[in-house]
Each structure stands twice: as structure tokens, then as C-alpha cells.
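Common to both upcoming complexes is subunit A, partnered first by subunit B, then by subunit C.
Up next is the complex of A and B:
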């Protein structure tokens, strides 16, 4: 098990290195740069050269890359060209926000999708399982972008929830810094409703479908039929024995789901103005802020690698064959 | 009051970063010696109480207001003015600062302070706009930034890492909170120097919150639902219907400011040798091609299609919104496809094979690529309309939509593009402050940037006229000279303009004291007189 985890950790490290390096190099190689975008026609060639020199963009690409790599190895990802703040600070703030959103959505989707999957998979017919299946198919066909647009529209029309952002201005004193902890927590939860639902609903539908199919297959196995024939209550068989056996398909895609969730959350973050990695990456790409682009890509790949690692570990626990 | 912007500021220092949000922040927190009133387009005393001009027309003695203090309580004096000029011209800035915006004839102004409340400003050359130039120079606190200037780190001063408590100014508000990616919060500056006509201290608002909303649909939605009080930039044509409905319900006030100050521009790369040995070089850079394109596009239909009915046809870089400098005497090219075809035939472009499209004498198709900016709806739609309109007169156009930075890189280098359709924003209405565009040596002379000597006789003529126009102190003479410049421009059409969008601004109906202007930031250029109904 230890060797298995070590192997996965090495792969995760390589993934982060490859993705962030590729992002930096591609952003550097694309025509135009931060300086042309910022100054446009308004600067002389000398001023442009001075600004490039200030940011180190005048050096050969290989030199820039090696320098960045050396600094990145010490967890120094440089400064954002656009606003001068350390990339590590910007990333950590945004990544925390994205992680909060993604984790909440994942937990919610798991708690909605898995029980509903077991419920609908354990019953071949019936109106209720049919309704669950129909709702799942509908939600699966809706990409997070459309779901978030619909939820934003709903929130705007009803006024039930804020339509964007992460916090309200607050009734406190100037600067809005005087809110109580309770106010901040409730305010944050209210702001999370729209983006979390936008991410969690399609995901829970996917979990429901996978779990339902796996549950139906497991229930049809001879050993489950034999257990039922011995008079063990159906609910106990389904929720205790069959559930564990049927978890393998969902566990195996959990890592991928984390990656999908992250890339899906980019669109949701932009629509709902959630200040996470998605919004940060979009702005960085628009501005050709190369170090920030590389930092965002590294953070995204760390999420993906961590998700894959957790998924592999979970799968190894559920199914020892996966360790081989 | 809650306003929304699309991006967060790139800095708290306008001297080193010129993005739109830093501009808004500067209007809220800083003040200038004189201010250009964006509605009347005339200058007004601001930190300067009054001034006199010497007989030579180049030297101004400016008296500063007494008893003015920065938001942190430090007194304002002529030393801060001298410091601000020094910072603007700082050669160690590590990049462009606003120095170029406060120069005349490419040279810095000379500034001295005979006493703490007097500043003498001398222009290096006769310069007609005079103190209007000072609207570009927010006065910075010497006591806060002198150390950075002396250490050669002014370019990094007041970056977004700086604690907001360090940021101070002479404007109506003080920055009290910045949450990256979310919002900026400004509180009333109780030490602000202005009072209204009744003697009530300004500003009226206690707090201004500027929310960062990257998506413009989100901005509109927030305004409609009362979660924001205004958008700091104009509404898009596609937002008009929703905002009109909100206005009809009494939630929003929708202001039609008429046509914009500038129109999207079409030009062909006129840099000598830009097309090398390409056989199309013989006709691509001819005046007649651009004239034919101007005649070949129905501007009314163009405006209706590109701006969804909310546009006005325009014929030159100076639009009717620039009331002082627009000239109705400048020739306007009507929609005349027959005339366009005749002009094209005159440079050897005819339909030799009868396929409806033109070729030159060697049979090379009359075809060129048009580079525009990806993601800008109006530009992309405009490029498509141009392609369709020009096809009717036999010209084939291939659209190349590039990401903004990549497009600008090509335009600035003068390489890698054949024709362009792009937005060029004018920063001031006075042509003497737009010489980078008009002069052949200018960095904004987009069709052939930074010429060492004028490439054509007509560009030389414009250079001479603009030199006269910039130096003349008589406003009538300046107007006549600039009319002449516009006529020459219209004759040779180095840049062709088709339509300008109508500017619609939207604010919550509870916001009062609005003085909307065509120039950005349309609402927040005068934030001290705004107030909100409870």
C-alpha cells in the first residue's frame, strides 16, 4: 500500500510540474505579451523595452523558464505582472475559495447522489425511482454553465439568494469590517447556495446514475440473491452489503470528478463572480500575466493530483485488486 | 452607493497603471490642480484657486487653495505639486509613467514654487491647451511617496500589496478596504476641501463600494435587482432592452448620452514595405482602395446591425459628440457602390473572370485579411458586416480574430497584418492632446506608426497644420486649422470610420446628483456631488 501511494505521489508531482511548465511556456510563446496588452499604442518602443526589462520579459525564453523553475522549486512563483502581488498569495486566496466551493459541492453531490442511486438502483420499477432517473438525466444534460445561469436568473427574480460574489457589503461601519462571526458565516452560506448548487446538481445526477447501475448489477449477483433468499431484510442487504460492493465505480471516478469539478467550477465562478481560481485564471489569461497563469495551472493540477490520489487510495481500500 | 466594475485595479497608483478601475479609484481618492468638466468640456479651478497667464502665453502663475489637507491630515502645499511633477517625469520608473501625458511638444514642463501656495508652470513651447494638461496629473502626497521616488522604487509604490491605510489623497473619498477579486470600499474623506453652493461640505455620500463583477451580464443583473446602484461603464446594445424594462418599472434611470466620442476604426497597413514582394502591394496601399471601401459600406445599415440599432453613422475620427472640434464641413462619403466600383477599376481591380469578385491585372484575387480583436462583440460583428458589405463590391475579406494582446502586438510592430478593425479610444477632446494620433511621428498614428519623416505629402501637411494648431492661442484659428486637418484626413482616409455606438448609462433610480458625460468614467468623474435617496 505504501509503495502504491508513493508511486502515485511521484506521478502527482510530475503532473504538477508538467502542467505548470506547459502553461508558462505556451503563455510565453503565444503572440503578444503583457506589455503590448497593457501599453497598447500609448507607449514608445523605449518605454515598452523598459517595462519588459523590469519584468524580465526581455530575456530568452529558456532563461526565463529556468529562472522560474528554480524559484518555483523554492515555492516562489514570482509576482503577478498585472498587479505586483506575489503569485503565491493570489493563488492561496483564490484556491482556498475554489476549494471551499468544490468541496462543499462534492460533499453535497455525494450525499444526494449516492443514496438516490442506491434507492433507484434497488428498485427496477416504480414511479419514484423513475422520477429520480428522469431528473438525473435532465440534470446530466445541463452543463454547469447553463445550470449556473438558470440559478442566477432564479435568484435574481426571486431575491432569495445573492446572485454573485462571496460576501455582502455588510451593515457595519465604514469598510464593512465590523460584522460578527455569525453574520459572516451566514452571509457566506447564502452566497454559496447558487454556485454550489450549480456544481453539485449535475454531479449528484452523475453519482446517482453510476450508483444506480452498480447497485442494480450487485443486487442481481447470486450471492445477494442467496442472502435475500435466506430471509435477510432487503433494506439491510441493499444499504449495508450491496452498497459497499457497489461503491467501486463511484470511487474509481472520484479523482476525475475532482478535476471535472475544478474545470467546471471555472465557468461557474465567472458567472457567479466567485473569487476563485477560475476568475483569477481568466483574468490572468486575458492580461497575459504569464507567472500568474502558470501559478493557476499549478494550483489546478495540484487539485487534480490530490483528487486522483484520494480516489486511488479510496479505491485501494474498497478493492484491494487496485493496489496491484 | 454600490458601483460595479469589470476588473480589479492593477495598482493604487495612476502614475504607473492606466487601467479603467485605477482611473475610477483615482477619481474617488485624488484631486488635480484643474479639472476638465466632462459635461462642458471646459477646465475648472480645482486645487488651484486661480491662475494668470504671462504675456508670452507659455508661463502660468497658479495660486493654490489655502487650508487644504490630505485625508490623513497632512497639509497640502506647492511641495506636493513639485513632487507630483517629479514623480511623473521620473526616469527610474522602470516603464512608462504619466509623464507623457503632462508634456508639451514632447518635453517636460518647468515647475517652480516661489511660496507654499504658489506654483509657476512654464511650457517649453507655445501650447494652446495650457493648463488643461494638468487634468492628467492627480496630486500625490509627497510625505508618503518621496522615499520611494528617491529610492528608485516609485514604479512599485502603492501596488495592490500596499496596506490601504497607506493610501491617501486629496479626493472626496478614502480607500478603506480592498478585497482582491471582490470589492473596494471607500469612505467619506472628512477633510475634503470642497463645499456645495449652500456651504455643505462635500461629498454627500458616506461610503462608496465598488464591486468587481467580471461578467457584464452579472453587472446588469445586479443593477436590475437592486444589488448595485450603477455600472461604471456604458451598457452594451444587447443590454438595452432589459435596462429599458427596469427603467419603465422605475427601478433604473437610463441615460442616452448620444453617440460616442470615438468609433471603431478600419485601416490598412500603410507601413512602407509591409507587403514585401506580395503582388497585391501595388493596390493594397492606394488611397483609392480605402475610398472605395468608404463608399462601399452602407453606414446606416452598419450602425443598425453592429450596434443593434443603437449606433450613429460617423465619417471620421472626430465624432459629433466632440461638440467643439467636430466639423460638419468635412466631406462625408455617402453609400455609393457604383462609385466604389469605379474607384476600384481605377486601380486595376476588375472582375476579369465574371465570378462576381475582383482581380488585378495579373489575375490575383482582390482579397485581404482583416485582423480584429476576439471576444469584443461589436468588433467581431463589425468585421463580419464589413466582410459582407465589401463582398458586394467584389472585395474578398478574411477575418482574423486575435486575442487583444496579440492583435496589438501586430499593429504596434506594423508587421503580420494587412488590415485592421479595432477600437482606438481618444483620451481627450482637444486635438492638441491627441498629437500621437495626428502626427506622423506619433506612437498612435496607427496606419504607419512612428515615422522618422512623413511618409506622404499629406501627412507632412497635417504635421505642419497640427504644429500650428497646437501653438495658436486664438481659439478661432485653432478651430479653422483643425477643420483643415480633418478635410485632408477625409480626402486620404488613412482610417475609415463607419459608426459609433450610442452611449447608454444606467444607474439605480435612487442615485441623485448624476452629471453623466460621454467620456469615461461617465458617472464617477464627479463623485463628490452624488447622493442616494434613502
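Up next is the complex of A and C:
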């Protein structure tokens, strides 16, 4: 078990290193750099050279990379070229926002998808399970890009929820005591509804389908029939014994979900203007803000690594065979 | 335990298949079905709502299908009202089109309304379908080719080659596909013309999608390789390439078909996402992604919901596929699509 965890940790470290290095190098190699983007066509070559020298962009690529690596090893990820703030500060805010979105969506989807899956998998016929199933197929056909577009449309049309951003505090916000903790919390929650649902709906549909299939398979086993014949109540068999035996498919997909949640949250963040890693990375890529790109990639890969670690642990918990 | 009757599943499958076939036919026949060119602008009809095709006129008498012209009530809010006094008949099969308005200047047939430039959304949707679907299909075929080749070689050769290739593909698979595509796309010049964008996006999607295929093909080739028929082919003098391509890879056919049906919708959505953030096709070109981008520029969904029709079209394609092919795993569907 210890060796297993150690190996995963080494993989995680390699992941963070490789992903951030690769994105830094790709961003440096890309045609055009930050200077051409900001100064535009009218700039003289001298002006551009001066600005490049100021940012250290005129040095050879290898030197820039080694320098960045040496500083990154001391947790100094450089400064954003665009606004001069340390990359680490910019990223920790954005990463926290993305993490808030992704974990809320994951928890919500688990609590919606799993019980519904057990419910619809435990009985093959019936109107209600059929409706759950149809709803799942419907939602599985909607990637977060589409769910967020439709939810933003719905929110804008009805005015029930804010359609973008993270808070309406500041000028133009609704009245009331904007300093109080309750106000801030409720405001944040209201802004979270659209992006979280956009991520969570397709995810819960996927959990529901997987759990339903697994439950149906377990319930068809002879030992379940034997248990029922001994007089154990059906609800107890379904919700305790079969649930435990059928958890493996969902548990093993958790590792993948982290990656797809990051992918999905990109579309959601852009559409609902949620200030997370996705929007930050997009802007950094567009402006060729190289250190910020590398920093975003590093933060994203830390998420991935953490997610795979947690999911491996979860799988080991429900399935002893996975520990070897 | 009673199973759902077979008839039901069959009906659902037929529903899905008919959605897909309708989309494909509409895309193929776009020059015939679409009433307008994609870049035709109606300057007086920015964000005009869909034209209703009517059978009864204001006096209550029945007549051949006709439409009313839109008159602008408020230029600022872009509100329009039907001009009930002057019905315009539809012209069928005139000028090589299935149906169009008989007086395009005064009352164009806008079945799904007009966008913010006054262009016909329905016509753009049909022509956009050609671009978006062709890109997704081509990229899926490319991914299949690359993936089958890499996976086949890894499974056939085994040893160090296999180890290295599978580690590499595992590594790529862990990464969020959208970000990989985004970084690769952003590496290239940000503004390109349409053919360059098409080639570039197809190449990027093919590379990003190929590890899924390589992983599966490798597993299939590895098990098939140990079977007698592979040994028989080799002993008859077939070379490595022939054994792999003629005898082993055909065993992966079923897998490849399923993978393609998973990748195509994923690539449609990926194109839309990249175009939405301005890294896809230039906005003069009609694709489902550029149409969504146009809708986003003014955050206009709430007042002009017909601008969301490419999103609805995307949903219909994916839903149609999911209804038609119900035996694909939900996990794989979700994983590819995001």
C-alpha cells in the first residue's frame, strides 16, 4: 500500500513538472510574443527590443527555461507580464474559484446521481425509473458548453439567478448590508447556481447511468435472490448490500472525472464569466503571457494529480483488489 | 424481473436514427434547402425573429403558404411586428431552391430569425452543419488512423516500444482534452484563414483523440496476436505489416466504429468551444461555433433565443447518436464529450 502511494506521488510530481514545462515551452515557441501583442504594429524595432530586454524575453529559450525552472523549484513562478503581479497570487485566487466550482459540482452530482442510479437500476420496469433513464440520456447529450448556454438563457429570461461573475458586491449591486457575512455568502451561492448546475447535470447523469447498470447487474446475482428468500427486506438489500457491491464502476471513474471537470469548467467559466483558471489561462494564452500560462498549467496539473490520488484511494477503499 | 419490451427500445432507436438522418440530409442538401446565402445581409432586419409560415390570412380565408413582412417597431430594442396588410407568397423551387420568399427584398423567409448582422440563421445553420460535421468526421477518421497505427504497432511489437507508447498515451489521457487542444491551438498564429483553421483544428483533434483509440486497439491486437490464426498467417509467410494490417487490425473494427461515434460529437463540441472563445473559424465563416460566438458578443440569448439554435442542433446530433447506440458506456460518452 505504501509503495502504491509512493508510486502515485512520483507520477504526480512528474505530471506537474512535465505539463508546466511543456506549456511554457509551447507558449514561448508560439509565433508572436507578449511584446508584439501589446505594442502593436506601430512600434519601432528599438522599442520592442527595449521591452523584450526588460521582461527578459530576449534571452535564448533554454536560458529562460532553466531560469524559470530554478525559480519554480523555490515556488517563485515569476510575474505576469500583463499586470506585473506575481503569478502565484493570480493563480491561487483563480484556482480557488475553479476548485470551489468543481468540488461543489462533484459533490452535488454524486448525491443526485448515485441514489437515482440505485433507484432506477433496482427495478427494470416502471414509469418513474424510465423517466429517470430518459432524463439521463437527455443530459448525457449535453456537454457543459450547452448546459451553461441554456442555463444562462434560462437565468437571463427569468431573472431568478445572476447570469455571470462571482459576486454583485460593489457599485450597482443590490442594497443591504454588503459587508455582512450572510450577505456575501448568499450572494456567492446565488452566483454559483448556474455554473455549478451546468457542470453537475451531465455529471450526475453519467453517475446515474453507471450506478443503474451496476446495480442491475448485482441484483441479477443469485445471492441477492437467496438473501431475499431468507426474508431480508428488499430495500435493505438494495440500499445496503447491492449498493456496496455496485460502487466499483463509479469509484473507478472518479479519477477521469477530475480531468473532464477541468475541461468542462473551461467552457462553463468562459460562458458564465466565472473568474477561474480557465478564463485566466485563455487570456494568458492570447496575450502570450508565458509565465502565467506555465503557472496555470502547473495549477491545473496539481488538481489532476490530487484528483487521481484521491480517486485511487477511493477505489482502494471499495475494492481491495485495486490496492495491489 | 420484467424487461422493458423490445418495441420500446426499437422506437427510441428509430427516433434517434431519424434525427441523425435528417441532420445529415439537411447538411448535404444545404445549397438546395437553405433559402439564402450565408453572407447575405438584411440590414433592416438585425436580430429579427423567426418568420411564421401561415395558411390563413387576416380576413380568415385559407390560401397557399405565405408570410408577412416584418416591420421594425423599435430600432433601439430591435423589436419587430408583422405587417398584416401585405402577405407575401412563398416561391417553391424557384432559382434552384426548395422554398424562398417571392419578394426577398421586402420579406425574406427567415425560418430561424436573423442574427446581429441581419443574416438568415436557418441558412447559416445548414451550411454551418456541413463545416462542423465535416471537420468532426475528418478529425475522427484522422484520430482512428493515428490511433490504430500506434496502438497496432505497440500491441504487435510489445516490449519496450509498447511500454513507452502506452505510458505516453496514458499521460496524454490524464490531461483535460480541452486544455490540450486549447494550448496547441493557441500556439499557432491567432488569426488564420478558414482553410488553415480547418486543417489545423482537424490535426489537433486527431492528435488529442488518438490515445483513446491507441489504448483500445493495442489491447485487442495483443490478445488476437496470441491466437492461432495469427501464427498460421505468419507461418504462411506473411510479413509483420501484413499480419498486423490484414489479420489483426480487422478484429478491432467494431471497437473503432464505436470510438468514432464517441469522438465525432466530442469534436463538434470542441470546435464550438474554440470558436466561442475566438480561436476557431473567422467569424465571416458559418460554423456552429462561430454562430454561437456571434450570439455571445452581445449576450443576447435572452431577447433573441433563436441565436441559440446551433446549440440546439449540437444537442440534437449528440442525443440522436446516444439514442441510436444505446450500448455504449455512459462513462466513455461523458469522458469524450467534455
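What we mean here is this: the second predicted complex is superposed on the first by the 315 of 324 C-alpha atoms of A that agree within 3 Å, B and C clash if a C-alpha of one lies under 4 Å from a C-alpha of the other, contacts with A are read in each partner's own complex, and residues count from 1 in each chain.
One rule holds for everything that comes next: a residue touches a chain if its C-beta (ideal position, glycine included) is under 8 Å from a C-beta of that chain, and two chains touch if they have at least 3 such contacts.
The structure presented is a predicted model; accordingly, all values stated were derived computationally and were not measured.
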{"item": "Fit-or-clash call for subunit B and subunit C when the two complexes are aligned on subunit A", "value": "clash"}
{"item": "Partner chain(s) touched by A:309 [first = subunit B, second = subunit C, both, neither]", "value": "neither"}
{"item": "Which superposed partner A:202 touches (first subunit B, second subunit C, both, neither)", "value": "second"}
{"item": "First (subunit B), second (subunit C), both or neither touched by A:210", "value": "second"}
{"item": "Partner chain(s) touched by A:282 [first = subunit B, second = subunit C, both, neither]", "value": "both"}
{"item": "Contacts of A:30 with subunit B and subunit C, given as first, second, both or neither", "value": "both"}
{"item": "Which of subunit B and subunit C A:146 touches, first, second, both or neither", "value": "second"}
{"item": "Which superposed partner A:165 touches (first subunit B, second subunit C, both, neither)", "value": "first"}
{"item": "Which superposed partner A:130 touches (first subunit B, second subunit C, both, neither)", "value": "second"}
{"item": "First, second, both or neither for A:220, with subunit B first and subunit C second", "value": "second"}
{"item": "Stretch of subunit C, among 56-64, 74-82, 164-172 or 218-226, that runs into subunit B once the two complexes are superposed", "value": "74-82"}
{"item": "Interface residues of subunit A shared between complexes with subunit B and subunit C", "value": "30-32, 152, 156, 163, 270-271, 282, 286"}
{"item": "Complex interface listing, subunit C residues touching subunit A", "value": "1-4, 171, 174-179, 182-184, 186-190, 269, 272-273, 276-277, 292, 296, 299, 301-302, 305, 308, 311, 314-315, 318-319, 321-323, 326, 329-331, 333-335, 337-338"}
{"item": "Subunit A-touching residues of subunit B, taken from the complex the two chains share", "value": "2, 7-11, 17-19, 93-96, 100, 155-156, 159-161, 176-177, 179-183, 185, 187-188, 206-207, 209, 211-215, 218, 221-222, 224-225, 227, 402-412, 416, 424, 436, 443-444, 446, 449-450"}
{"item": "Touch list for subunit A against partner subunit B, complex", "value": "30-34, 36-45, 47-48, 50-51, 53-54, 82-86, 89-90, 93-94, 152, 156, 159, 162-167, 169, 174-177, 270-273, 275, 279-280, 282-283, 286-288"}
{"item": "For the subunit A and subunit C complex, residues of the former touching the latter", "value": "15, 18-19, 23, 26-27, 29-32, 123-125, 130, 136-138, 140-146, 149-150, 152-153, 156-157, 163, 202-203, 205-206, 209-210, 213, 219-220, 249, 253, 256, 259-264, 266-267, 270-271, 281-282, 285-286, 293, 297, 300-301, 304, 308"}
